[in-house]
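The following pair of complexes shares a single chain, subunit A, combined with subunit B in the former and subunit C in the latter.
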Partner chain A sequence: MAFAAPNETYSGKVFEVTIGADKTAVFGGENVLPFHSFEGNAPHRPVIAYEVQDVPPEDWPETVKKVYEGVSNDPVTWAKYCQDTLNAQAIALRLVGTHPDRENRSPEDAAKTVKDVLAAINVPLIILGSNQIEKDSAVLVSVSEAAKGKNCIIGKAQEGNYKTIAAAAMANNHKLIAMSELDINLSKQLNILITQMGFDKERLITDPMCSALGYGLEYTYSVMERIRLAALTQNDTTMQPPMLADVGMYVWKIKETQASETDLPQWGSLAERGITWEAVTAGSLLMSGAELLIMRHPEAAKAVEKFIDELM
Partner chain B sequence: MALTGVEIFKLLPKTNCKKCGHPTCLAFAMKLAQRQASLDACPDVSEEAKKVLGEASAPPIRSIALGSGDKAVKMGEENVLFRHEKRFVNPCAFAVEVKDSMSDDEINNTVDGVLNSEIDRVGQKLRIDAILVSNASNDAGRFEGVVKAIASKAPAVPLIIATGNPAAAEAAVKAVADKKPLLYGADESNADAMANIAKTHKIPLGVTAKGLDALTALTEKIKGLGVEDMVIDPGARTAKEIIEANTYIRRAAIKKNFKALGYPVITLAQRDDKMVEALIAVLGVTKYSSIVVLSSIEKWKNLALFTLRQNIYTDPQVPMQVEQKVYKIGEATPESPLTITTNFSLTYFIVSGEIENSKVPTRLAVMDCEGLSVLTAWAAGKFTASKIAQFIQESGIENEISHKELIIPGYVAILSGAIEDKLPGWKVTVGPREANALPAFLKSR
Partner chain C sequence: MLIIGEKLSIIAKRVREAMFSRDKGPIQEIATRQWKEGSGMIDANIGPAEDGGEELMQWMVTTIQEVVPLPVCLDTTNAKALEAGLQVHNNEWGKPLINSTSNDPERFPILELAAKYNSQVIGLTVGKGGLPADAEERAAIAAEIMARAMEYGVPLEDIYLDPLVLQIATSQDHALKVIDAIKMFQEMNDPPMKTVVGLSNISNGCPKALRPILNKYYFIMLMNAGLTAAIADAHEMAGAMQEKKLIDDVLAGKKIDDAQKMAEITKTLDVIMGKTLYAHSYLEM
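Moving on, here comes the complex of A and B:
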């Protein structure tokens, strides 16, 4: 019996999202499962954004902290280093210093940081809060205004604070990350709630919540895969925004990226182990449908770029 | 396509003789349809029925063993395209390539690496499963010598004998035939000779062709020559080619029951850049390879790939569970705080991760609640005051710590009084509801 290629045709398509004002980045737009360009259209590469923070990365493990030694004391220098030296296609600025348990910086401080970073770079900017529901609703409103006209991504809107954040992102013409916790139904529900406010669904990015390899990765993997199948096979428009995998922050806090080889000789070299952990987590989530990745270690990001080169 | 119970029933003797252990032929047919019984159990089934049922009841991807004995690896038998539908059945094997052109020292080091690769993770023993020996030297004598040496140094490790030269293959296979190696390298030019070797030694044959049309023709030809057990290589080498070929093969087998491609797939992932090699292996693990061949087995790369394979092949319907015990996080001393949670792996990972973030050395008591999260376990009556009290008493933790204070999850604050009643002398403190508030909570104490 001759082989006949068992192609699938899908009724839906992932929304194409363009970010940035000077230089732009485009992702999404495919009408097939990840990297299935053999049976449809996958016009854009996934985009990797390099993570920088508003405060020095004291809590990052040595492997990744030392890469940014000398530049990470200041978010502007740090962002410029990622853009100019590491060739980052996008920057993700995490305002972790606004967290009440950290430096508790004010929304005004955060707005100034955002303005300074935007003035220094020309690649697209993703602006992230500290993941504290109440504080984020104040901080992200203030930074949305500060970044008006720059076509940024603001995040993350969650069930407890989406109204104020979505309104601010809408008023200032930004894209918006909607994050829910590892459940396809919660994710769909949040996207619906946000679009019911009048927010354009084609300006959304879904974050189904990331997990690190070995620490719940299979949950993120399958939720993403199910979201993507719903978008493509059922043409469910609430599930058609591109997806974010916020990889770095989940990977660089687990034991495998911190425990020394002296303590655990069977785990091998710490530096390579950490970098591989970030690359493998990111690579797996590309296979399940992520189009936007936030990463920390440049060697991990570069390996993933090579992987994408081979896949496209 | 798989047959329904009624379709199978029509082909059975319908004597209700019970010799198969089932009360009626219909009941047996239903079990067959669910793949919970084997047709061999029926002594009276006709040859014709055997043929029809055998083909229909065979799994869409043939079950093949790599190697023999304790460390043999089962491959194939997959039923789905996506892991959320049903558990992926047989985790893919990782093999490392040993070229017979390498020096004896290099070969010995690699084999030692395989023998020492075993790592225990969440109760499973994970290792590099197999060694692929390739005839890079083009010297049949050297090839046979290296294969023999590896087989004697690592007698339990499954072998893949990789050569397209039938003379070299014959000598090498003969030397280790009892270990049931996989002979990899049958192609259009040598199919008859290679099939003959596989048939003679009753070993599986690795078949390679460029593209799925050619591969289909080749597996059909080799099957015609009497070899049933095959592992297929569609000639895909770049990531783009691998995802396309592997997806088509899996779909053809599962959705079209296309037998000519219903075999486990071998993927060559070797790269000079080890990070990229790890990512090609990611593609193999997530997208349907049964054997992934690596060029090197650094411990850091092994750990990441073993963990990924474990994650992807976990049963999505059964929550992963963590062993019940009191875990020390950081350099916990007798004065360090004691917290408690349930043994759902995700709960454990998130809670222990946040405790690590806090940098406050802490003990985390993980209680067996059959893999349920805190609220679900409480609602199901598995995370109750009396069960918590019993666990704390039986754990013997009282002898290890200098205080008697237990921090419970905020969601079960309601239990605090009842636990104190059942644990005389203990103070119960209500912690935060969500794990992400743990660092602030622990630091503020």
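Moving on, here comes the complex of A and C:
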């Protein structure tokens, strides 16, 4: 008897999300596990957004900082460089300078930065706060208004601030990232709470919280995998938004991307190590179900694109 | 089904204060209420009780048995406090129950106490190395506890195997594994092994309004699996028994008249059986 490869069929489907106003990007929409296109339909490639910040990346390790030397002192130039020179399909602007422990920039400053960046690029924009619960609820409301009509992704709404942020994203017609801290049940709960406000579940992006290889990646992997299984095998609509892996910020703060070759010669080339670390972390999270990645190093992003080419 | 009244626990503020001030009033009031509500035994949970545990357990046992003709479940990790409690326990109302031994070598001496005082004992199927992964691992640990009990001279009919109920909010897949373990435990001896659960841990960490719902429906499912005893709220379990027919009907795939009740039961059973992912608002979906 001829061998017949076993095929799974799934009852659910991931929501398809389109972002951007001029040029758009689309992700999600699959009714199969990651890259299982042989079992069903996976219409879109995962999208990689390049991370830029509202303040110069003083705290980034040299390997990734020097890539943006000369452009990173201004978010507009930086974003344009990512779009025009690096061919980024999307930009993720992180307003880290609004954090009270950093430059403590005001919501109005943040709104101006967002407007300036939006005026300079035509690819979709993801707008991220500084991950400070109180400040984000002011900043993300202000930037949502500033970006009205641009079909951006606003993030991240968390248990402690989702009401104001979701209301602002809804009023200004944006997509929204809902982030919970590595707990599938809380992730589902947050998606429920946001949709109970009247926010359309098909405009959500789930962030189960990222972690770098060697620093808890397996937890993120497992939560993402279970979210995707709930979406596909249990047809759980609360778990059907596409997922975000916010890779760069987790990878470029760990020892392996910073320790010098003089101190640890056995670890090999520092530059290669950092790039590989980001690429491997991102690739793993694609395998567990992420459809949207935020990354920092262009070489790592290119390696991941190649990885996607081979798997799609 | 034996209900072991759970309310006399050091975790509850009112009980704790009464324990520390040796105020018999609240203890006896709660014990009496649980007896009237259908408890066949009263749990006396004094915690680790490192200081003065012996005297406290004796006071608890005698305080309870002064007003309630029931045996006591002596619930502490302090072996000396257990022994002190067993010495004053009035076996006229039934054999006491020790809570608990396990597969952790530190808890082996508990079996000596059970043999010496002719007490029943709960065998919690956990080892030293963390939580059991599934029903099979629970059964394997149960077998070790049973072998050890025989070694120590504790008859198997005096053992209650406890598969350890975990919180559904964080360990949803264990809800069904515990039910499977209850079935497996019974097959490990003839006559079947007795089983017990700390029921309300299933809903620990869940919103307050959800707790009785999860407790009740989980109780019925465990009961259908052959559970012998539950450390639980007797009042709540009396409510569960009233709803048992409805729950059994839904489990059998029948439709019941009350649509709202039908939805509540269906959604809760789906969560317990792992057919839908738990979230605090699952009933609203």
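Following the convention adopted for this analysis, the second predicted complex is superposed on the first by the 310 of 312 C-alpha atoms of A that agree within 3 Å, B and C clash if a C-alpha of one lies under 4 Å from a C-alpha of the other, contacts with A are read in each partner's own complex, and residues count from 1 in each chain.
By definition in this document, a contact is a pair of C-beta atoms (placed from the backbone, for glycine too) under 8 Å apart; a residue touches a chain by one contact, two chains touch by 3 or more.
A quick note: this is a predicted structure, and the numbers were derived from the prediction, not measured.
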- Task: Please tell me, clash or fit, for subunit B and subunit C sharing subunit A in the overlay.
- Result: fit
- Message: Rounding to a multiple of 10°, what is the angle at subunit A's Cα centre between the Cα centres of subunit B and subunit C in the superposition?
- Response: 60
- Of subunit B and subunit C, the chain that contacts the larger number of subunit A residues: B
- Query: After superposition on the shared chain, which partner residues are touched by A:Lys188: those of subunit B (first), subunit C (second), both, or neither?
  - Reply: second
- Partner chain(s) touched by A:Ile177 [first = subunit B, second = subunit C, both, neither]: neither
- Query: Thinking of the overlay built on chain A, is A:Leu293 touched by subunit B (first), by subunit C (second), by both, or by neither?
  - Reply: neither
- So, does A:Ala147 touch the first partner subunit B, the second partner subunit C, both, or neither? neither
- Message: In the overlaid three-chain picture, which partner chain does A:Val280 touch, first (subunit B) or second (subunit C), both, or neither?
- Response: first
- Query: Nearest CA pair across subunit B and subunit C in the overlay: distance in Å?
  - Reply: 7
- Just which bits of subunit A does subunit B share with subunit C as contact spots? 226
- subunit C-touching residues of subunit A, taken from the complex the two chains share: 183-186, 188-189, 192-193, 196, 226, 230, 234, 236, 238-239
- Which residues, counting only subunit A, touch subunit B once they are in their complex? 1-6, 8, 35-38, 59, 101, 131, 182, 211, 213-219, 221-222, 225-226, 229, 253-256, 266-270, 272-273, 275-277, 279-280, 283-284, 287-288, 299-300, 303-304, 306-307, 310-312
- Per the touch rule above, subunit C residues touching subunit A in the complex are 169-170, 172, 275-281, 284-285
- Note on the structure: In the complex, subunit B touches subunit A at residues 82-84, 119, 121, 212-213, 215-216, 220, 238-240, 243-244, 247-248, 251-252, 255-256, 258, 260-261, 273-276, 278-280, 282-283, 286-287, 298-305, 307-308, 310-312, 314, 316, 345-346, 349-350, 353, 356-357, 436, 439-440, 443
